[in-house]
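Each of the two complexes below includes chain A, the first together with chain B, the second together with chain C.
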Partner chain A sequence: MAWTPPRTEVLLQLSGAPHQTELVGSALRLTTSLLDRGARVQVWACGDATRLTWAGLGDTKPRNYADWDREYPSAPRIVRELLTDHPDRLHWYVCAFCSEERGTADQIPQVRRRPLFKFAEHVAAADKCLTLGVC
Partner chain B sequence: MSDAGGVLTVSEATARWLVMIERAYRGAVERQFADVLPLVVELHRQSGGTDLALRGLAASYALDTDYEPALRIGRRTLDTLTDPRATLRETLAAGVAVLVEEPDLTALGRTAADRLLPGVRVIEGGGLAARWPSYEQVWFL
Partner chain C sequence: MTDHLLVESGGPESGAACERFAGDALRLLQDGHHVVLFLVENGVTAALPGASQGVAAFLRSGGELWVDTFSAAQRALVAGDLLPGSRMADMDEVADRLLAPGSRAVWH
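== the complex of A and B ==
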């Protein structure tokens, strides 16, 4: 039987690129707030947002020359921890086409790459869909 | 450069570089310390002298606030977010002259001028472009 996306109350389609605006922070705050209220959430990352969970970024950011001993968690680590804390209520999907087109196909194992032509299945599996940013 | 009546005027040519920052708040979660301001300090070191002009919303970097840059994401409290005010204090301490245009400051509220970080200089509105020829290089970051 073919895999189908688990039902969620909310689908966040995250299309805006990181390192441009506070969109990523807003998306993670919104996700946290929804989870706090008991909702099930799926995130679908498109375009440069696929870089948020790119394995090549590692667990930590490069060292800060001005604060050598301080550790700064990478975006993949922040997302991974969020997923680990909510294994049954948070799902993070990455558009396979976008990730290959943007060079981020090597994703952390906690996220699931999905073909673009399956996106409508995720929309159908959510009560509400919210798009954040543009590719 | 000299201060006259609280407004900075440029009276002679300089070999300094001018860095303009107009876009603010470019991703605190993903950038953290790797923001644009530390790059200005590094350019200051490499160039031998850099002035920094904060325009538009970036002028708010120069305002003191009691906001603590921390964010809860799931069970993690992320307290390594970008902290432009703290970084701007370090930028000033490194010897970078920090300039803010008066209209951009006014646009941030009536009390904005009272909350200006010590050492930040106010210049007249629209005056930056006229000063470009006095700088060796002008960079938009």
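== the complex of A and C ==
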């Protein structure tokens, strides 16, 4: 039987460049608040947002020369830890087309790459869909 | 009547789209819906007096104007700097509104 996306209360479609605005921070804050309320959430990363969970980014950001000993978690690590903390209620999907186009097909194993044409299945599996950012 | 949650993230400096979005919020309000306009990121600057005619009109017409506490703090804005009648809100309240049965939401 073909795999289908698990049902969730909310689908957040996340587009746009990760470091251009505060969009990713807002999306993660909203995701955390939704999870704290017991909601099931799926995130569909599209466009440049597929870079958020690119395995090549590693676990930490480059060191800060002004605070050499402090460790800053990378975006893939933050997402991975969120997924680990909410294994049955948070799902993170990455648009396969967008990630391949950007050379970021090598994603962390906790996320699932999905063909673009399957996006409609995710919309259908969510009570509400919110699109954040533009590609 | 439907509950609407409209999220503005760009603010007046992002161009005319902010005003148009605030106009959408006002029209929904005038159609008899309950509307919350939540300002986040640079969108919080739309709550400064004189910054956005659309946001001010929305507030005057009885809309609920929420300003993201986190984004405001990042810009050194406090409640006293903002339009009277607006109020600080955090992402937990946005999540509550989004999860409310029957509510509709748009992020701009």
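Everything that follows uses one rule, which is that the second predicted complex is superposed on the first by the 135 of 135 C-alpha atoms of A that agree within 3 Å, B and C clash if a C-alpha of one lies under 4 Å from a C-alpha of the other, contacts with A are read in each partner's own complex, and residues count from 1 in each chain.
Here is the rule we use: a contact is a pair of C-beta atoms (placed from the backbone, for glycine too) under 8 Å apart; a residue touches a chain by one contact, two chains touch by 3 or more.
Source: prediction; values computed, not measured.
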So, after the overlay on chain A, do chain B and chain C clash or fit? They fit
Tell me the contact category for A:R37 with respect to chain B and chain C: first, second, both or neither. second
Most chain A residues touched (candidates chain B, chain C): B
After the superposition on A, what does A:R29 contact: first (chain B), second (chain C), both or neither? both
Tell me which partner A:Y72 touches in the superposition: chain B (first), chain C (second), both or neither. first
Please work out whether A:A49 is in contact with chain B alone, chain C alone, both, or neither, and reply first, second, both or neither. neither
Value for angle(chain B, chain A, chain C) over C-alpha centres, in degrees, nearest 10, is 60
First, second, both or neither for A:V10, with chain B first and chain C second: second
In the superposed arrangement, which partner chain does A:H19 touch: chain B (first), chain C (second), both, or neither? first
So, does A:L132 touch the first partner chain B, the second partner chain C, both, or neither? second
Distance of closest approach, chain C and chain B, by C-alpha atoms in Å: 5
On chain A, which stretch or stretches are contacted by chain B in one complex as well as by chain C in the other? 21-23, 29, 32
Quick check: in the complex, which residue numbers of chain A touch chain B? 18-25, 28-29, 32, 35, 52, 61-62, 64, 66-67, 70-73, 75, 78, 81-82, 85-86
Give every residue of chain B touching chain A within the complex, in rising order. 25-34, 38, 71-76, 78, 80, 90
In the complex formed with chain A, which residues of chain C make contact? 9, 40-42, 70-71, 90-92, 94-96, 98-99, 103-107
Chain C partner, complex, touching residues on chain A are 9-10, 21-23, 26, 29-30, 32-34, 36-37, 39, 128, 130-132
